[in-house]
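Structures incoming, each one as structure tokens.
Next come two complexes built around subunit A: one with subunit B, the other with subunit C.
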Partner chain A sequence: MDLKEKLLSSYLVFEDHVDIDTYVHNLRNDAIKIFEDKGFPTKKEEAWKYTSLNKILKEDYSVFPKQENAIEYNDVKKYFIHDIDSYKIVFIDGKYSSHLSQTTHDGMDICLMSAALTKPKYRLIIENYFNKAATKDSLPSLNTAFSSEGAYIHIPKNKMVEKPIQIIHFSTGNESALMLQPRNLIVVDENSHVQIIERHQSLTNSPVLTNSVTEIFTNKRAIVDYYKIQNDSLNASLIDNTFIKQKQESVASVHTFAFGGNLVRNNLNFYQHGERIDSTLKGVTIIGDKQHVDHNTLVHHIEPNCESHQDYKGIFGENSTGVFNGKIIVEKEAQKTNAFQANNNILISDKATINTKPQLEIFADDVKCSHGCTIGQLDESALFYMQSRGIPKKEAKALLMYAFSNNVLSSVKIPEMKQRITKIIANKLGVNLGFDL
Partner chain B sequence: MLKINNLHASVEDKSILKGVNLEVKPGEVHAIMGPNGSGKSTLAAVIAGKEEYEVEKGNILFEGEDIEELSAEERAHKGVFLSFQYPVEIPGVSVTNFIKTAINESRKAKGLEDMPAKDMLKLIREKADLLEIDRKFLSRSLNEGFSGGEKKRNEIFQMAMLNPKLAILDETDSGLDIDALRIVANGVNKLKSKDNAVVVITHYQRLLDHIVPDFVHVLYNGKIVKSGTKELAHELEEKGYDWIKEEVNA
Partner chain C sequence: MSKYTEDDLREELKTKEYEYGFYTDIKSDTFPIGLNEDIVRAISKKKEEPQWMTDWRLESFKAWKEMTEPEWANVKYEKPDFQAISYYSAPNSKPKYDSIDEVDPELLATFEKLGISLDEQKKLAGVAMDVVIDSVSVATTFKKTLGEKGIIFCSISEAIKEHPELVKKYIGTVVPQKDNFYAALNSAVFSDGSFCYIPKGVRCPMELSTYFRINQAGTGQFERTLVIADEGSYVSYLEGCTAPSRDENQLHAAVVELIALDDAEIKYSTVQNWYPGNAEGKGGVYNFVTKRGLCEKNAKISWTQVETGSAVTWKYPSCILKGDNSVGEFYSIAVTNNYQQADTGTKMIHLGKNTRSTIISKGISAGKSQNSYRGLVQINSRAENARNFSQCDSLLMGNECGAHTFPYIEAKNNSAKIEHEATTSKIGEDQIFYCNQRGIDTEKAIALIVNGFSKEVLNKLPMEFAVEAQKLLEISLEGSVG
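Up next is the complex of A and B:
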């Protein structure tokens, strides 16, 4: 049985375990039909031209984990940003781990989707926001159909959330191949500010496929800083579908640190519904081996006087492949839009490839849009210059690559997070540098 | 200190150095002059260890050791310094972070601990003052957007920080205004001692008025075709290179 059929028949089993008389279940029913109709995307679709799911769909994934697995904090501490105080929403093989988590209902809700979907007090928020930003594409629909667990975050107005929130999904591999479909909903009301870190981490070498959907709503003047750490094992694949719907004067940024897994596809979508909105999309990709990372971004400028800033850097070694597909739409009403996009890449191996493509659809006339893609090698003359001052070639390369990704790191607002990323990069490059950038 | 014997070097199968002989002893200042394209920068790069240049014949001894197999950084750790004719821009790395890294990597190679931050800061300030470099300048990205003169002054700042045994200054004077020339030359002279040596590559007498050479060599078509004392530089300034070319071709 192929994965699609398996999922369709699993849906019937799934329905036995959830309350089918709800608002969300109607959405699920619609969504499974969309998935049945469209199936998994193939390379024939323009948006999937350079990323083939064929290979990873061949695994015999179990769709619902059969047993609950426990892990000790000390064994997984290193995957947290553990030197800061934070809220934690942790899942093991798709199941909530209360043991590893630290949630709250004190003046805000930082808790579980499963609770939000079943308890009446969350009904209003769910009906107002759930699935209101996600598209009807096949993968988000597949996630909607099976949506039952994930992070639920609601920050009421005028609240500055003091501690960052870490959302971590562990997979243990105890069931051999596993498919996970976390569903996150984040609603930030007027004037509130929250920082979120998200990570998916496989603890073994069993294949994992995660098809995740995160919907983020930033209401008037809200600020959201979102960081994605993607540094998974070579058998873990991730399709991340993130949808951010912004209201006027809100500021949202997503930093994606893509150190890969097996295959990673980031569908990152921003929709600007209001004036003077600021959207930032930044990413550093450093991969090697046969890793594949695809950034597929969309910024939809709908109203006037808004900005978007995209800056993606990529360093590709060995047989790795990268894709950057950045789409900017500026609607006719969206005058005085400032939209910037940059995608710079370094290939450090002859066998690595990158496909980069900006797509601009501009219907307004008074806008500032700029985009630029570059693909290059490490500058040999810079390397010699550094070596001639006593910096060994390996360190010199690392320093150049750091410098290259510096722009992206410099806007990380959590110092411990920045330090961690710096460390991961140093590790990737096999060096030890005496300073942070 | 430096002994070059019958050095032949090529790049991409094009032979550029065709039998260079040169000996530099501690405490000496040598000037290398010669027409454009004669191989001066190539010679400097080969001594500093640029990989793309192939040594085909001959050898380079530094303090008695054949350095052919050493990487550029290993040569730097032994005390070779090259001030570039065209310093390279390194966006995203500040002057301070760059020089800190360079110093600590050299110390690491010698089995020493990192220099304590306080000492480093003191040293940086002292050398920046010596070259009359504004402190603000040090936090800028290395060479990025620096003027020609600023780049050259920064090269000598790095030299002062690293305190090499052999400094090769490739057209450090070009791009410097008169004041900067004096400051830079003064900096180089302050660093001079009986234990180190300087090779200056230049087209002009004006630098040699400040950094007075013990020997002057003319490199032409990949060979040192004439050597003399500082008077030779005056003669070249006056008469150009034609008479030397004629001598060689005769």
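Up next is the complex of A and C:
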């Protein structure tokens, strides 16, 4: 039985045992129909031209984990940004782990999607926001159909959340192959500020497929910093669908650090509903082996006087494949838009491939839009210079690559996080840079 | 040629709608509408073609029947009904003329209106023209001069008869019959076109030129051009197109194949101003063209195009850089106004070592038009040290038009160096203010700025064409200033 059929029949079981709330129930039913019609995307679709899911869909994933698994904090401490105080929402094999988590209801809600979907006091928020930003594409719809667990974060007006929130999904490998579909909803009201770190980590080599959907709503003048750390094991695949709907004068940034995983697909979509909005999309990708990382971004400029900044750097080694597909749409009304997009890539192996497709679709005339994209190598003369000063070639190369990705790192606002990323990069490049930034 | 000044342009703009929108009353020999095997056979027979060519056409026709029209381009239009088109239309006044004087005077008048009277053209810089009206070559000039050098420049139907070995060897090698829907259609029904062969080591002494016009209502124009530059040769080839005003959409599906053998260079320039439809978006030509060139070792192919016409343009002149050290270039200006739609760009396929390509594309959209750049740069895994530079700039005039860029970049070799940049902007108010301040009115200022914007590409055109192109550019932006 292929995965699609399995999911469709699992849905019937799933619908039986989740609480029947008619509002969400209807959404789920509609969503599963969309998925049934469209199925998994294939390479024939323009948005999936360079990424094939065929291989990872062949695994016999279990859709519902059979047992609850516990893990010790000390075993997984290294996956947290543990040297700072933070709120934590931790899931093990898709189930909430209360002893690893630290949530709150004190003046704001940093808790669980399962609670938000079932408790009446969240009903208004769910009706106003849930599934309002996600597209009706097949994979987000599949997630909607099975949405039951994930992070729910609601920050009310004028609130500065003093510590970052970490959302971590562990998979233990107790099931032979596991499919996870976390669903996150983040609503940030006027003038509030929040920082969120998201990570998916599998603890063994069992295949995992995560199809995650995150919806983020930033109301007037809200500020959201979102960091995604993707440094998973080589059997874990991730399809991340993130939708950000911004209101006027809000500022949202998403940094994606893609270092691990078998196949990673990031669908990152920004919708600007208001004036003077600022959106930032940045990413560093450093991969090797047979890894495949696909960044698919969309910035939709709908109203005037907004800005967007995109900067994606990629370093591709061994047999890896990188894809960048960035789209900027500027609507007719969105005059005075400034939209920038850069995608720079270094190929360090002759078997690595990079496919990049930066797109602009512009309907307004008074705009400044540009995109740039380069594919190249490390600068030989810079390498030579460093070697002539006694820096071994390996370190010199690492330094250059580090410098190459530093543009993206420099805008990370949590210092401990920046350090952590620096270490991961050094580790990836197989050197000790000997300094932290 | 006297200098064409801004004032002349203003005068012209006042009076002009579509300058070339007239219809020449020449008795045409037109086939019944529709397409089937018999029509394909009939075309072939009419052209007195050998059996292999007929078979080749039929093979293409079979392939075409299996294919569906492509949908991926960023254009919207009413699909042409392929059974409602007459696939052959030839001016009746055959047979061939030995000299210009014998040509139907009405035909000559047509050219005169186009501003390309043969006499003038002959004098002007020694251009040899293979003039094509509704698919049949009616006049070929300077053939003798070219013949002395061993250069073959004739219509493709003549080439099929007289140089079958060359045609047989090269036709369909760069654009295979089954390449795409319109290429297959063209392969089945092409009525005429130009053929050019430059022998080894010969530098073609003059610019070769063809002029296409779609004349008869309801006829599709299916041109087939084949240019072969043998080892170490050089040729510069010019192509210009116009079509009279017609309300139904006319289909133009041409195929151009360029073959540059070792050390050869081909420069192919196009000025296209098919009828773009009127200001309400009614009528106009569908321009679905497949153009591709193949570069062997150290060869160079350079495409230059100025696209101002057609209701819908769908065109990607491409280079296959097969040989080591080969070079591909693409320079393009695409102007869309009113309801025009253009989806144009290039493909650079790097197969050989040390191959280089340059892409400069300038899109100007005005009115309610949509202008897209779609390009592919592909570096194959064996293409060591490949180098590409692409630049796509778009200029928007008015807030009802759109500019789009869809560049595809695929690199499979780690020694590749690729740069791509694109910008979209409008004409700066400060730029116009500066011009106004110096006594240049807004309309002229815009013409000036647009010209500057396109300079990089205009400079690549041969002189006579550059003048015409500049003029066209300004005419097509008429009324978009505001």
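To be clear about the criterion, the second predicted complex is superposed on the first by the 434 of 437 C-alpha atoms of A that agree within 3 Å, B and C clash if a C-alpha of one lies under 4 Å from a C-alpha of the other, contacts with A are read in each partner's own complex, and residues count from 1 in each chain.
Definition applied: contacts are C-beta pairs under 8 Å (C-beta built on N, C-alpha and C of every residue); 3 or more make two chains touch, one makes a residue touch a chain.
Nothing here was measured: the structure is a model prediction, and the numbers come from that model.
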> If you stack the two complexes on chain A, which partner ends up touching A:Lys393: first (subunit B), second (subunit C), both, or neither?
Replying inline: first
>> Tell me the contact category for A:Glu127 with respect to subunit B and subunit C: first, second, both or neither.
In response: neither
> Touching A:Ser349, do we find subunit B (first), subunit C (second), both, or neither?
Replying inline: second
>> Between subunit B and subunit C, whom does A:Asn406 touch in the aligned arrangement: first, second, both, or neither?
In response: first
>> Once chain A of both complexes is superposed, is A:Ser381 in touch with subunit B (first), subunit C (second), both, or neither?
In response: first
> Looking at the overlay, what does A:Glu5 touch: subunit B (first), subunit C (second), both, or neither?
Replying inline: neither
>> If we overlay the two complexes on their shared chain A, which of subunit B and subunit C does A:Glu45 touch? Say first, second, both or neither.
In response: neither
> In the superposed model, does subunit B or subunit C contact more residues of subunit A?
Replying inline: C
> Which residues of subunit B touch subunit A in their complex?
Replying inline: 45, 48-52, 71-73, 75-77, 81-82, 84, 87-93, 97-106, 109, 114, 141, 158, 162
> Mind pulling up the subunit A residues that touch subunit C in the complex?
Replying inline: 46, 50, 332, 335, 345, 347-377
> What does subunit A use to touch subunit B in their complex?
Replying inline: 379-382, 384-393, 395-396, 399-400, 402-404, 406-407, 433-435, 437
>> Going by the contact rule set out above, which residues of subunit C touch subunit A in the complex?
In response: 72, 379, 381, 394, 396-426
